[in-house]
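One structure is given below, represented as structure tokens, and several questions about it will come after.
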Amino acid sequence: MPYRTDLALDEAEHISGQLEGIKKEELSFDGVRITRIKVHSQAGAAQLNKPMGHYVTVETAPLTGYVDHDGAAQIALTKELTDLLPAEGAVLVAGLGNPAITPDALGPQVAQHILASRHLSGELTRSVGLGELRGVSAVATGVLGKTGIETGELLCGLVRQISPAAVVVVDALASTSLQRLGRTVQITDTGIVPGSGVGNARREISQKTLGVPVIAVGVPTVVDAATMTLELTGQEVQQGHHSAGMMVTPREIDTMIQNAAKLVALSLNRALHPTVSTEDLMALVG
Amino acid sequence: MPYRTDLALDEAEHISGQLEGIKKEELSFDGVRITRIKVHSQAGAAQLNKPMGHYVTVETAPLTGYVDHDGAAQIALTKELTDLLPAEGAVLVAGLGNPAITPDALGPQVAQHILASRHLSGELTRSVGLGELRGVSAVATGVLGKTGIETGELLCGLVRQISPAAVVVVDALASTSLQRLGRTVQITDTGIVPGSGVGNARREISQKTLGVPVIAVGVPTVVDAATMTLELTGQEVQQGHHSAGMMVTPREIDTMIQNAAKLVALSLNRALHPTVSTEDLMALVG
Amino acid sequence: MPYRTDLALDEAEHISGQLEGIKKEELSFDGVRITRIKVHSQAGAAQLNKPMGHYVTVETAPLTGYVDHDGAAQIALTKELTDLLPAEGAVLVAGLGNPAITPDALGPQVAQHILASRHLSGELTRSVGLGELRGVSAVATGVLGKTGIETGELLCGLVRQISPAAVVVVDALASTSLQRLGRTVQITDTGIVPGSGVGNARREISQKTLGVPVIAVGVPTVVDAATMTLELTGQEVQQGHHSAGMMVTPREIDTMIQNAAKLVALSLNRALHPTVSTEDLMALVG
Amino acid sequence: MPYRTDLALDEAEHISGQLEGIKKEELSFDGVRITRIKVHSQAGAAQLNKPMGHYVTVETAPLTGYVDHDGAAQIALTKELTDLLPAEGAVLVAGLGNPAITPDALGPQVAQHILASRHLSGELTRSVGLGELRGVSAVATGVLGKTGIETGELLCGLVRQISPAAVVVVDALASTSLQRLGRTVQITDTGIVPGSGVGNARREISQKTLGVPVIAVGVPTVVDAATMTLELTGQEVQQGHHSAGMMVTPREIDTMIQNAAKLVALSLNRALHPTVSTEDLMALVG
């Protein structure tokens, strides 16, 4: 593979000829651009280098600065997530990635801001004015090197135990484009396939492996150094080159991850708990 | 229940009459006292207010100061853990408790120091001179209020998925005795029963619920404020009293937890990876 | 000293006779009670066991649950802080305490949520719509055992270097009353005198030692175990007793500290940056 | 400036002609290479693009794997630090950088592992068998964006207050060479000049600005993306290019930083506290 990306949008730009079995629509409002790609045939999947399914991308202003929690990106993400999530039933949100590596910490940070409600009785939530809540649970899955357990294994065991209607996995992604870092959110119903973000290849996490719908939400936070080299020089980096295990990432990665995590978590909270006000969500899991 | 403790040693001291169905032996060396209590009948269990099984307590000097990683406490713990653990087979170590509450952070801190090896091939570990390692995995289970998932549920799902030969659960405990805080380690093969340490009552985690042997390792870090009041005044605290949700804990709780976590983790690592030197263990996960 | 408290309110309750040189006024609204104590003579200071000056206490509902960021406590605190702070000039906010001990982590957590603006040019802040900001700086001072530097020394050096018009020190406090924990905020212009909260005695931090006005803001998070014992039994704990180095603290101390830190930080931000909207403050440092 | 580096070693390699006013010596043992560069004239300083003074570099095996705490790198660093530090007098160790950005977290992590002793009486340290200790203090200086205070200002105030005989500043560095990342330690008596590591340009921190000798210790953890681009393509990146604010860093940056921090901290502790055994140092601040 000459370049490495987790974004359908990047892949679509690398296709020179005509799209086959791929439907693409774009719309923009208030500075936000939404691209919906639907891959509906195996030919399309081969061309895009991605499994069949839906890929929605929301592009916004850079998340290094001030984030408006009632802004267009927030509204767009909440709507797109609502459309892809099942209308009802319990949902397990899993934050993937290594909290000790800043560009990989999106998943764990999102998990911390999810309003977990599975353990709360309706009686309790009604008594504090939150109404009846959907049963939401939230975990950070940790990293294989520290736990000895693959993320896919942990989620498999958990899904069999608590039987959610769907799983949402949140992870940092790789892009081919420096401009997309930290300002793009991709949502897909195809789950996560090996070769992602900062971490190493791992088992697919999808409806096929977990047995329930899997929605993956990701934000590109790194460009592979070998990919950047290829883009800049037109030449593939040789195996064993020093850039092989390297990644390119913005200097202000801490602010970017923090803002992206808040944006994604609030969208998920709003999509999963539509009866709770944004103010209450921010006060509870801010 | 007039007082609250997780230590068999505390309970044994509260028994006024003769012990029935309870065997107790004590030995001391180099400033460390080991007490082995075996409850071998239901009468003994009722008397001790604990399930039938083995309870080993290692008492050492206060863990607020300097800890000798080759000292007597280390040696005693490693030996007692080795005796209670199955001789072979994969082991899952689970750190219970809330990392954001210092006296409850023992479990998560221990989990961070466990040498996870389940994902490493024998080829790899032999090539770096560590020999063939037992398959060890390590997780911090998080807290119900943040995840929406009970610790028992998470472990149940995980055990079904990865099928370890045994589970080790590590948790902070409650004692009736201020003197025992931070200088006592209890090891038992009965698992953990509701009513523990800082957190609230929860489902039993034991061989009965997980289907494999469960060894619980704990260090008392708090005394219930109501228990202390009872001990001091001889009077039970009334329901709704302000001390009801309170705990008593040492001021230097950060150092105590840190030292206790290192002591317990190193003992577990030595018992689980007897072929790896203490120096290598400390360099790898110290 | 038979009991240990940092709250003027606790001390006032322990005075049996008539108050001399002490003025006290109370007002309540929307479930919040404000008590303003002014000690205006040395006799009053001796009676109250506190230096001459102002002590304002805001009592609210327990901070373990949901916090309304536009509620009465917020409004009251912002007003009282505004009244005690100098009307203009740069302000240094210092968070005291040990972040690794939950009930002592108030100061460091508040420091993280303060909108530092001293380094921002007026041109920049106006360009992003925040107007001209007062020069605010924010530090967590760390703990003597880890740094080898007394908080008072660090602040002395810093004040001489950056010459603020006033210093605000934020710290966790000790109370004699379990009911006051986590639901009381004390503001005083007398600074902090030795014998506070979780940590050990230290040098006074006040206008006398720093040379500029010092406003101390604190929330009681612990009761000394010896003090609780005295209150319960009427008897002083003997020196060397096991409760000597112990503290009593709520089980839900993590939520309490987090909510108290947000409440105090937002009040300070609003008092220091009155031209910035609450929403902007929460988005920027929330 | 066409490329960006903090390493004298990188600069020396970019000099094509003969070295003037620069003395360079190299030695190797047990897989460690030590390079000592002395810049003793203004011509040399101009040629090397660095102030006059000493630059010692210790190159070792990659710090991503296992670190031997008694290995050659440890021995070499301890010796070189001992040679550059004043023979006696109090020392302030300052960890620079942002703990929330992994490749910038070297300084704060080192500060956590330094044995602070300034506050300990000789009576106390002798009674626990540590002998008479040099007065060492340790701070993490935080980041301007969060504190509103420049690192140089904070250190200036602190030095005036506590009057150490020397200051050691520890910081992550930038290199032009991907191979040098995480396996090179540079020690210099010239302090730190603007344009370093992950953070932005700032005031010089040196004997000139602090009034006492300043030893800077650094490990390269990033290559500027624009620098990598220049090295790969031979062309300068244009202003405003997307790689402008980007950095290249290894995927295993968490392990690298953790190991580098332990290596540097232990060397400093050994150089500052030569009477304390390595085992005691590791047990106390490991």
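A, B, C and D are the chain letters, set down in written order, and residue numbers restart from 1 in every chain.
Going forward, contacts are C-beta pairs under 8 Å (C-beta built on N, C-alpha and C of every residue); 3 or more make two chains touch, one makes a residue touch a chain.
Note that the structure is a prediction, hence the values are computed from the model and not measured.
Taking B-D and C-D together, the chain pair joined by more C-beta contacts is C-D.
Chain centres were defined as the mean of their Cα atoms; on that basis the chain farthest from chain A turns out to be C.
Put simply, the C-alpha centre of chain C and that of chain D have 37 angstrom between them.
Inter-chain spacing, taken between the CA centroids of chain B and chain D, is 40 Å.
Listed for chain C are no residues, as none touches two or more other chains. Taken together, the touching pairs cover every possible pairing of the chains.
The touching residues of chain C, when paired with chain D in their complex, are 112, 116-120, 135-140, 142, 144-150, 153-154, 156-162.
Put simply, chain C touches chain B in their complex at residues 98, 100-102, 178-179, 198-199, 225, 228-229, 232-233, 242-243, 245-254.
Residues 65-69, 128, 279-280, 282-284, 286 of chain A are the ones touching chain C in the complex.
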